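Down below are the structures I want you to see.
Next come two complexes built around subunit A: one with subunit B, the other with subunit C.
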Partner chain A sequence: MNALLSLTDVRKQYPNNGVTALDGVCLDVKASEVVAIIGPSGCGKSTLLRCINGLEEIQGGTIRLGDDIVSDCGTNWRRVRQRVGMVFQNYELFPHLDVMGNLLLGPKVVQRADRAEATKRAQQLLDRVGLGDRAHSLPRQLSGGQKQRVAIVRTLMMRPEVLLLDEITASLDPEMVREVLDVVAELAADGMTMLLVTHEMAFARAIADRVVFMDAGRIVEVGEPEQFFTSPASERAQRFLNTFVFEAPHKPDADEE
Partner chain B sequence: MDWSVISSSIPVYGEAALLTLRIGVIGIIASALVGLLCAAVQSFRIPVLRQIVAVYIELSRNTPLLVQLFFLYFGLPKVGVVWPSEVCAIVGLTFLGGSYMAEAFRSGLDSVHPIQLQSALALGMSTPTAFRHVLAPQAFAIAAPALTANVIFLIKETSVVSVVALPDLVYVAKEQIGTDYDTSEALLLLVAFYLLLLLPISLGANWLERKVRSNAFGS
Partner chain C sequence: MPSDLELIFQGSNLGRLLGGLWVSVWIALVSMGASVVLGLPFGVVMTSKNRLVKLLCRCYLEFVRIMPQLVLLFLVFFDLTKVAGLNLSGEFAAVVVFTIWGTAEMGDLVRGSITSIPRHQFETARALGMSPAQVQRHVILPLAVRQLLPQTVNLTTRMIKTTSLVVLIGVVEVLKVAQQIIDANRFQYPSAALWIYGVVFFLYFIVCFPISWLSRRLEARWQIS
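Showing the complex of A and B:
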């Protein structure tokens, strides 16, 4: 089966400081596949997502979406971005619009969708993520977890083929992480193709079909979650995973001295 | 103080106040449009246009309206451009107000986080669409206090348009003092009419400011 999203030798360099963020990344994502990208801070995992929907320009390589090459200079990013939805770390809801306004803006101004139909769909999706009664709340009246669920629904309103989730639980209080991850798990069960950058190792292990470990702008290791988390092949991945393990610090005996 | 002089002068001042208001309102609307355009050019760093806007803003903010009006009314005819007084007044006020409005809008736009734009683009919006539906409304709410201060400032600035022979409030008062020596009456009427014009605008501006801000951010 052909890959839905295919990256070949993608290179990205920041023009102002010359830092190489992506150094020849190759990755195929099949339809309905959930791929978790993990790695240390600054390894290029967020940049990778942002290159896929054109928020960052790449300097080399190709990005294919279905049969279309989307990374050449004539790319109609507005069309690509409707096919590749993105959810941000800090929700980025539009603060001047209520929840329904946030959900309807894209369909209205981008897709010229029928208003009644879009409203109905928005309400259905809100019901599904447990926010059916918050359609007329303003973003500031919602908790972080609720905002992130609205942000996911806002992206789904555009009927994307692929979802890019960029550390979507990193800004949340721990007790709100679960409600957001439950929504993602449900999407995965529905067959949504997703590429997610995360620091939630347990979640990545539970939900991902494949785990991609990145370091210094390169993909170091790709594996099945069970295999990757129990016995990573590379030493760098091993070291990275160890940083999530906590051992009780050795306490010197109080009477010693 | 001769109250009969005052009551008989009221219609003349009323008419002058309407002229002041007309110049002010048209000038302010035009200023806001010019300002929004300039702020967008600066915020998106559009080459060439950006430099032109920067020069315009410096020129506009660092010359008095009085001098700008002299230039429009007495200077331009020398190169064959003759505009009626009222057009000169409106163009002059817009030239002045545009830069003040631009700075107000720009401070508003600058305080909207850039990732809001990305979030709009990520939904498939074009940059102009994102500007219109996502950035401008937020910038407007943040800029509201500066914008309403500009509105009041610009209406007060209309008090110099009498130099291009427009019968505004100041012109009428000067006339009355010059021909009838009714100095106290004229000055009292002048103050009263300016207050009559500006107080409601000022109160309305306060109300609008609160409403816009609470709509947008609820503070």
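Showing the complex of A and C:
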């Protein structure tokens, strides 16, 4: 089966400071596949998602979506963005609209969707993420976890083929991480194609079909989650994973036994 | 002596006071209208990244802020008249000065509300597939207006109160009318000043209170974070 999303030798350099964020990234994502991108801060993983969605311009390489090349200068990003949904770290709900308003803005303005139909679908999706009774709450009345669930639904409203999740639990209090990850896990089970950047190693291990390890703008290693997390092939990935292991300080009397 | 209060209802005194109040409100509202019209584009210009443009805007804003409005009034009413040979009426000079001041303040409010909208709001809307114009229309503008409106109302009340200065360039507004009534009846009603100024205070209150109440209501209702 052909890849749904295909990146070939993607290069990105920030024009203002000349920093190379992506240095020849190649990656294929098949339909219904969940790919987790991990790596140290500043390794280019968020930039990669932003390039796929056209929020950053790339300087080289190609991005294909299905049979279409979407990285040309003539790209109709508005159309591409409807096929590639993105959820951000800080939810970014529109503060002046209630939950339903947030969900309907895209379908209404961009897709000129039928209002009644879109409302019905929005309510169904809200029910599914456990927020059926919050349709008329304002964003400021919601908790971080609830906001992020609404943000996911807002993106789903556009019926994207691929979902890009950019550290969507990074700003949440620990007790709210679970409710958001449950939604993502359910989407994965439904066969949604996802490319997610995360620092939740246990989550990546549990949900991803493949794990991509990036460092310094390059893909260092790609592997099955079990294999990657237990015995990463590269030394850099090994070192990175070790930073997540917390070892108790050495206690002398425990040593004596 | 409470009987001095009756002076207000003698002859056309109350009508004259209300007429004076109308002059104050009229000057404030016309100036405010002009300030909004000019301040909106000025505020957008103030967000420019060009350093020269920024500097010029900053100079204008600071100049108007530092200069007491009274000095500006004198400059326009007396000096401009002399230098340029114009014969401005007091009312017109007042409108000009308050518009110069209001445009600067309004511009700064517009600049503030535009720059306070997080960049991510823009990106999120773009990521949903909206065009730049749609983002402006459905996200940036509603947010900016929500922030701007209470502050604009607030500026309006400040302007109404500041119009009392125009008495010093010979405009007969509510305060001047009050003085005239008091002076004309000094011997007959010795404590009239207290009552008449009390009424003037009350008139200002009646005009400004609903406006500032509205502004507080809007602020509470549109609070976004």
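Note that in this section the second predicted complex is superposed on the first by the 250 of 257 C-alpha atoms of A that agree within 3 Å, B and C clash if a C-alpha of one lies under 4 Å from a C-alpha of the other, contacts with A are read in each partner's own complex, and residues count from 1 in each chain.
Everything below uses one rule, namely that a contact is a pair of C-beta atoms (placed from the backbone, for glycine too) under 8 Å apart; a residue touches a chain by one contact, two chains touch by 3 or more.
If you're wondering where the values come from, they're calculated on a predicted model, not measured in any experiment.
Colleague: Quick one: subunit B and subunit C on subunit A, clash or fit?
Modeller: In the arrangement built by aligning on subunit A, the partners subunit C and subunit B clash.
Colleague: Quick one: is A:M214 in contact with subunit B, with subunit C, with both, or with neither? Answer first, second, both or neither.
Modeller: Neither partner.
Colleague: Touching A:L55, do we find subunit B (first), subunit C (second), both, or neither?
Modeller: both
Colleague: Does the superposition put A:A188 against subunit B (first), subunit C (second), both, or neither?
Modeller: In the superposed model, A:A188 contacts neither subunit B nor subunit C.
Colleague: Please pick the stretch of subunit C from 41-49, 77-85 or 185-193 that overlaps subunit B when the two structures are superposed.
Modeller: Residues of subunit C that clash with subunit B lie in 41-49.
Colleague: Does any part of subunit A touch subunit B in one structure and subunit C in the other, and if so which residues?
Modeller: In subunit A, positions 53, 55, 77-79, 81-82, 85-86, 88, 90, 92, 94-96, 105-106, 109-111, 140, 154-155, 158 sit in both the subunit B and subunit C interfaces.
Colleague: Please name which positions on subunit A make contact with subunit B in the complex.
Modeller: Its residues touching subunit B are 53, 55, 77-79, 81-82, 85-86, 88, 90, 92, 94-96, 105-106, 109-111, 138, 140-141, 154-155, 158.
Colleague: Can you list the subunit C residues touching subunit A in their complex?
Modeller: 118, 120-121, 123-131, 134, 138-139, 142-143, 146, 222-225
Colleague: Could you list, by residue number, the parts of subunit B that touch subunit A in their complex?
Modeller: Touching subunit A: residues 115-116, 118-126, 129, 133-134, 137-138, 141, 215-218 of subunit B.
Colleague: What part of subunit A is in contact with subunit C in the complex they form?
Modeller: Touching subunit C: residues 53, 55, 77-79, 81-82, 85-86, 88, 90, 92, 94-96, 105-106, 109-111, 140, 154-155, 158 of subunit A.
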